[in-house]
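Two complexes are shown next, each including subunit A; its partner changes from subunit B in the first to subunit C in the second.
Moving on, here comes the complex of A and B:
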C-alpha cells in the first residue's frame, strides 16, 4: 500500500462528478419507496471514491441514478447530478446515451455477463473504439491491443482472438476494464468489480486499478460491501446505510477516526486476522436494516444504535463536517470523537477455557475423489472411464472433539468436494474415514442412522437450505420426528430450545422461509443441523452470502454453540480472516491437496507455505495502516484434469527454486508439533526469505501466542 | 408435522390473494371467465339448450341466426346453438381427461427419471424422444384407425401423446431441485427416498406442473378438434366442434354461421385457456421460467 495513492484531494478543486441532494424513488405495490434520500457526493479527477454499505443500502440504485439508467419504475425526484459542466438531469435521453460508454463507463460484478460470448475479445474492444472514438477498423484493432497491453494481459495478441469462455474470471474482468477505459472516460463506475473473484485475483485487479488511475486522470466511483477493499484502494469513502450516507471522509479519517456508530459497528463486525475467538467476540450490530418503506423517524440508524437518545429520534440529523472533509450524520459525533474507543470496546473478552486437546473424533486418511467427466448414463455402457477430474487428491485430516478445523483455499481447490465426501453426499474414490473410532462408509445411504446423526452440514446458500413449502418450525422439528420416540409436546419443546439457542424468537416457528432474512435462514439451518446432537458439523462457506453484520452474529453463534455443547466444526471458507478467527486448526488447500496445516496461530505466522504467503498477502485488510507484503500470483489455477507434475503450485509459485519443484512431489516438513508445511524449500530458508505478511497488528498476535 | 394445524391459517387468505392477483391482470381475468363459461356450459348444457342437439327438422334447414335459433340451423335443420353448447361437453371432457392422463404419467415418469438419473434416465428419455419424433396427428390417426375411434380411445391417444412433453418438464425441474441443499440435508438426516420424493421434491414441482397442465389442456383441445375434423373424434350424432366445422364446409358460402360458431368456440376456448395459463405462469413461477 503506497502512500502515493492516498494523497488527499481536496473536494474544492472542481469535482468531475458532483451529486447534490439526490433523491430516488421506486413505484412499488406498497407505494412510493424512497431508496436514495438526499445524497450528495463529489469525486475529483484522480480520485477513487469508495461507496460502501450492506446489501439493500441503495448503493447500486445511486450508481444507476447517476447514469440515469434506473429500472422502469424508478425515478429521480430531486437533486442535481453534474458531470464536469454538464447537467446530466436536464439532458434529453438521446444525449445521455452518447455519454454512456464514452464519458461515463461502468464495470459490473459479473464479467462473464458483461462480455458478449460470441464476439472475440479484441473485436469487442475495437467496437468501442470505432463507435465512440470514430477510428478506422485497423486503428481500432491496434487500439484494442494497446488496451489489452495496458491491462498487463499476458500475450495480448492471442487474447484478442479469443472468446469470453476461453478466459478466466480475472482475465475477463481485465477485459471489461479495458473496454471501460478505451474511451478515456471522465467517470468510471465500478459496481462490486471484485466480488465474484478469488482473493488473489482480486488483489491483482485492485493493483491494476490503482496503477491505471495514475495514467488515466479520471474519477472512480467504487461500490463495494467489502471494507477491506475500500481501505486498500480508495482515497475517500462514503458509508451508506438504508439510502443515506452516514459518514464520509478520507479513508484514514473514516477508518481511524470513525465518527458514526454505524461505521464503528461495521468495523467491529469484522474478524481481524489477528483476532482469536478465545480472546474477543465480534460485536454484531443488533437489529436489521429498516425497510425502505418503513423508515424509523429521526436518525435511521437510531433503532440499532447504542448511543441513541430521545433527541436522535425526534428529527433526522443533518450532516456535520466534523473535521475538514470529514462528514458524519450522527448528532453525537462529539462523544465519539472525544472517545475513539467508544462502541469499539464492546468487543467483550470471551473467556473460553483453553481446553486440553480432546481425542480425535474424526479422521480422514488419504481421501481421494476423482470425477469421471466422460462416462455417464448410456456412455458408461460403451466407454471405459476416460478423463478424470482430481477434485480431492490424497487429503488427510483429523478433527478433535470441541475443536474447529478450518479449510481455506480459492474456488476450485476441492474444499467443498472434500466436505461433501465426509458428509457422504459424494462417494469418495478411495481413502478411509473414521468417526469416533468407527469406520465410516463412503455414502450416506450406507451409513447407519446413528452415524448419520453424528455428522451434519450447514450449506452455503441459505435460500436453498430450507424447503420453501414448509414452515421453519416443520424444518427444525423433522429430525426429531425421524427419531421416532418423541411425543409431539417433547418435539415442540426441543424445537423451542433450539430456536432460543440460535437466538430466534419462538413466534417465528410458523413462518415460511421466504419471510426470513438470509441470516435468519442460516440460523435455522444451524438449528436443524444441531437437532440430532451431532459430533461434527460441516460448515460449507456458511457466511459467504451474508452481510458483515450478519456474519459477525453467526460466527458468535457458532462459537457459543461450540462452547456449550463441545461440538466440532469443519469450517470451509475462502475468507482467511473468518477462518483464522473461528478455527483452532487450519488446513490450506490448493488443487485438491493440503499444502500447509497447523494450529491457526502458527499458520498465520512465518514460515509459510508460499501459497499461504500469497493468500495472506492478498487479503484486503480493513485497516489503512496495516502494511502488507505484496506477493502476487502469476497465471491461472491449472486445470484439475491435467495437474502439474511435482509440486502442484510450481506453475504459479513466486518462490520456486528450480527443477526439483517440477519433478518431485514436495515432502512434509514439521515446523512444530502443530504445524506442517509441504514444500521443497527447507524451513530455515523459508524463515530467512519470508517476513510477516501482515504487519501492523501482528504484535497482538504475538501476545496471543 | 408438528404445526400442521396452524398452517391452515395460511391457506385461507392465500386463495383470496390469488384471486386478487388474477384480477390485477386483465387478460388472466378474461381467460378465467371464458374458461368458467365453457366449463359451465359443459356441465349445465343439457338444462339450458332450447332444442335436442340431434333433432332434425328439414323444413328449418340452413336458417340464418334468428330469435328462434340464435346461432341459426345446419343442413339438417338442427339448432347450431344447442350443438355448440353440447359440443363443449365432449371437448372439455376429452381434452381435460387426456391432459390429466398426460400430466399424471408425465409426473411419475419425470420424477423417476430426474431423481434417479444415470442409465434409467437415459433409457426413459430416449424412449420419450422416440415418441416425440413421430408427428402427433399422424400417430393419433394411425392408432385411431387401428383401434377404432371411440370416446375412450380418443382420450387415451391424446393423453399418451403428451406424456413425453410433461415428462421433460418435470424431469428438468427435478434435476434442478434435487441438487438444492434442503434435499441434501434430508439425505443427511436419513430420510427415505419416498419421503424425499413426495414431501421435499414434489411440492416444488407442482407449480411448474400446474402451468404445464394448463398448456397441455390447450394443446389437447386443438388435438381433439383436429381429430374431430378428420372424422376420428367423437362419432355422430354426438356433436363435436371439429366434426361440425368439417361437415359445414360445403355450405360455407350460403350458410357461414354453421362453420363460424363451432370454429369460434374452439378459438375462444383455446385463447381463454392460454390466458389462464399465462396468468398461472406469472403467479406461480414469478422467475419467468419457461416450461416449453
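Moving on, here comes the complex of A and C:
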C-alpha cells in the first residue's frame, strides 16, 4: 500500500539542491577534524532524499553546512553547494539569511524544543509570513490558520492561540512543519523529524509529509537513523558512514541489492517484525565508527568489514555506478551483487528444545500504582482535593524461568512505572507480587537481601546509571562487595568472568565510564545486573539510546546470557520489532492497562486488539517491498488523570463498535491457551475484519506455521 | 487570575501574621524595661509601676499581643517612646522617602544589569564579557558601606558633582530630592547590579543555545528580532526571580546607605528606633518591611506569569 505514494520520478531533471565534493571541518583541541569528506548529492523537486547513518556519521553536520549554519569552530573547506542556480557558498551571510526560512526551511528533531515556549503558535507561523511573504498582520494571521488547517490540525483557531506546552509532541511537529512550508520553500531539510515521537504519531507525521509533497513541489533532505522510516517515505537514499556516503540509489535499489557491506550490516542489525530469536540470529557489525581524527587508511569501513582485502586498505575506493543511479563506494560490490545473502542475517533454527518452559518464577497480580497530584505549599491550605494519576491500573503478568516477557506500549502507557514497581523503586498502591513462591514486599527497603539479589534492573540511559567516579570494575564488583561473603581475589575473578560474559576486554576494568562508548556502558550495566545471579532482570528500554549496530550486539548478548544462565527478562520497549525478536511472551499496554497478552508469535498475528493492530501498522518496516495495512489513530493519548470510561482505548479506536465501548469495561477473551485480548468485539468479528498487518513478499516463514 | 491574586493575598496575610508574632515577641524580649526607658534613670519605683499598669505591661503576653495587633490593624501604631509623636505618620513619611530612593535604585540596576548581562552573553568569552563578568563579580563582593565610602570621596571630593550628605527635608518633592538620591542609590544598586548582570548573562547564554533560537535564526529573522522577540523574553525569567529575591537585600542595603548618607528614610528611622529602644517604632518599621517584601514577591510572580505562559494561571 505504501507503493502508490512513492513517486518514480527519475532524477535526471535539474536538481534543486546540488552538493558537490563537500568537505567540512571542525577546529578542535586535537586539531582539524574532517567531519564530512568529499560528499556529493543531488535532490530534485518532488523528491525525498533519505540520508541515513548512525550517530557521528556527520549527517547533521552536512545539513548544517548546506544552510551554512555551522558551529563557530566549523568550516566548509571545499566543494560547492547550489540551490537552483544560486551558489550558496559564495553568497555573503546577509544574502544567506534571506534564503533561510524562504527558499530553505528546516524541521528539527525535538519539536518541543524547536517551538518558542512564550510565543503563541499562530504568531510563530505568522511572523514567517510577514517577513518573507510581506503580508500584513491580518493576512499573516489568516495564513497561519490556513497552514494549520493544511496540517490537518483539529480546531486551528484555538491551536493558533495556544502555547507550546499546551500541545502534544505530534501536534508540535505539525506546527514546525507548518512553519517550514509557509513560504513554499524549494528545499526542506528534516533532521530526524520523527525520532522523538511515538510510533503511531510518527506514522501520522510521515503520512502528512508524503501527502504534502504532492502539493508542494520541493526537494526534501530527510535525515534519520531509522532505516524503516527511509524505506517508508524516501525516493532515494544515501547511506552515510563516518563522514562519507557509502552507497546511494533509489530506495528499492539500496534496500534490495545492498551493494555496500555497511548497508548490509545495518540492515542485518535490525530485528524484523516477522522474525524472532528462534529462526534468525542478528549479525552485528563488529568494532566501532572510527574517531574522526583517527581515520583508517583506504576504505574507512575496512576495519569493520568482513570482506576486507589488502587492496581495500591501500587507497580510498571511489564511487562506482553499479546500475543506473545506484552508486557504491565498495571495491568488492560485484561479489555483493552476485550473492544477495552475503553478510546478511543467518537464518538458523536455534536449538530451542532445551529452552522449555520453565517453572513460573515471578507473578504480579492486579498491580496498581496511583500517583497523588496534590497541591503543595500554601496552596494546600486552600485546596483539599487531590487528583490521582493512574499510571498502572490492575496489571497482572507471570514470568517463567529462562523466559522473556516483552512489554510494549507508547510513552506514558505505564510500562516503566510497572517495572519500577516490580523492582521496588516505586511503592505499588495495591496488588500482589510473588517471586519464586515468596510474597515480595512493595519497596526495596522492605525486601530481604536475597530478594533484592533475585531481581535486577538495567536502565535506559547507561550514562546516568553508572557512577562517573567509579571505575567500571568497581561498579561491577559492587554487588559482590555488598553480598560480603567473597574474598578480594574471588571478587576479582568473578568480575573478570562477567567482563568476558558481556564481551568486554579485561583491561577495561580500570576505566571510567566516560572512556566507554554507549554500547559498552550498557554492557557494564548488564554485567552489574548479572553479578548477583538474579532470577529476573528488568530491562527498561535498554536499547533505545543506542545505535542500531550496537543494539544488535546487545540483543545477541542478552539472548546468549539467557541461554547460558536461564535468566528471565522483563523487556520493556517501544520498539515492536525488538520486542517481537527477543520475547517469548508479549504484553501490549495502553494507559496503565494491558490490552493484549500472548506468545509473541500469536500477538503479532490476527486477531489483534485494535490497539496492537494500529501499533503494528505504524511500525516503519525497513523493507520497501513489505505490504503494510494503514490504520491511523486519531487524536492524542488521553490524560491519565482523566481516564476515558469503559474501554480506555475507545476515544481513539478505529474499530469502535458503539456505546458499549464507552460504557462498559471490555472483557478478556481467550484466543488460545497463550493469547488473550481485552476487547468488546468478539474474536470471530475481529478475525473477519482484520488481516495480517505486515506481509513481506518473500514471507516463507509464515507457511511453516 | 483574580482568584489566584486573592489566594496569594491570603497567603501574604498568613505570612504577615506569623511575622508580626515573631517581631512582637522579639521586641518583648529585648533587654530593658519600657517604663524605665520612658521615664529615665531617675524615675521612682512607683512611677514605673504606674506606667507599667498604664501600658498594660503586666498583662499576659497574648493579651499584649492582641492589643497591639488590633490597634496596629486599625492604624493606631502607638506613639514613639522617645519623641512621643504618633508612629504612623512618621513611618509613612519616611516610607515615601525610601520609596523614592528605591525607585532610583531600581531604575539604575535593573536596566543596566540586564543590558550588561545580555552584552556579556552575546560577546561570550571575548573581552567585553570578561570585563563585565569581572566587574560584576567585584560589585557583588562589595558591601554597601564600603561602596558608599568609596563613592563619597570620588564624586563629592574629587569630582564635586554630587552632594555627600543626603539629609533632605522630610517633605521634599522627588524633583528636589533627586540630586541627593543619586549617590546613595548607586551605592545600593552596585551590589544588585552585579547579581542581575551575572544572572542575565547565564540566562541569555542558555537561551541562545536552545533549538528555538536556532529555529528562529533559520526562519531568516534578523538578529535583532531573534534576540528581542525570541530570546530575551525567555532569558529574563531567571532575572526576574533574582530581582524579587533581591528585594530583601535591597532593603538591607538601603538601610545602610540611608545611614551613611544621612538620608531620612525608613531604614534610618528603624536604626534610630533600635538605638533608642523605641519599641513601637521598631515594630512598625519591621512590619512595613515584611509587607513590602511580600508585595515584591507577589509582583515578581505576576510578572513571571506574564512572560512565561507555562505557569500562567487560568
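The rule is simple: the second predicted complex is superposed on the first by the 672 of 705 C-alpha atoms of A that agree within 3 Å, B and C clash if a C-alpha of one lies under 4 Å from a C-alpha of the other, contacts with A are read in each partner's own complex, and residues count from 1 in each chain.
Here, contacts are C-beta pairs under 8 Å (C-beta built on N, C-alpha and C of every residue); 3 or more make two chains touch, one makes a residue touch a chain.
Predicted model, so just to flag it, every value in this text is computed and none were measured.
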Note to self: Quick one: is A:304 in contact with subunit B, with subunit C, with both, or with neither? Answer first, second, both or neither.
What the structure shows: neither
Notebook entry, point to check: Does subunit B (first) or subunit C (second) touch A:236, or do both, or does neither?
Noted result: neither
Margin query: By the touch definition at the top of the document, which applies to A:415: first (subunit B), second (subunit C), both, or neither?
Written below: neither
Next item on the list: Go through the superposed model and pick first if A:652 touches only subunit B, second if only subunit C, both, or neither.
Entry: neither
Check: Which touches a greater number of subunit A residues, subunit B or subunit C?
Finding: B
Margin query: A:174 in the overlay: touching subunit B, subunit C, both, or neither? Say first, second, both or neither.
Written below: neither
Notebook entry, point to check: Looking at the overlay, what does A:479 touch: subunit B (first), subunit C (second), both, or neither?
Noted result: first
Note to self: Going by the contact definition given at the top, which residues of subunit A touch subunit B in one complex and subunit C in the other?
What the structure shows: 378, 381
Checklist line | Residues of subunit B defined as touching subunit A within the complex | finding: 1-3, 6-7, 10, 117-119, 121-123, 126, 180-182, 184-185, 187-191, 200, 203-204
Next item on the list: Could you pull out which subunit C residues touch subunit A in their complex?
Entry: 7, 10-11, 14, 210-212, 214-222, 229-230, 233-234, 307-310
Checklist line | subunit B-touching residues of subunit A, taken from the complex the two chains share | finding: 376-378, 380-381, 423-425, 444-445, 449, 452-453, 455-457, 459-461, 464-471, 473-475, 477-479, 481-482, 488, 491-492, 495, 509-510, 512, 525, 528-529, 531-532
Next item on the list: Flag every residue of subunit A that touches subunit C in the complex, lowest number first.
Entry: 67, 69, 97-102, 105-106, 108, 110, 113-119, 127-128, 131-132, 163, 165, 176, 179, 378-379, 381-382
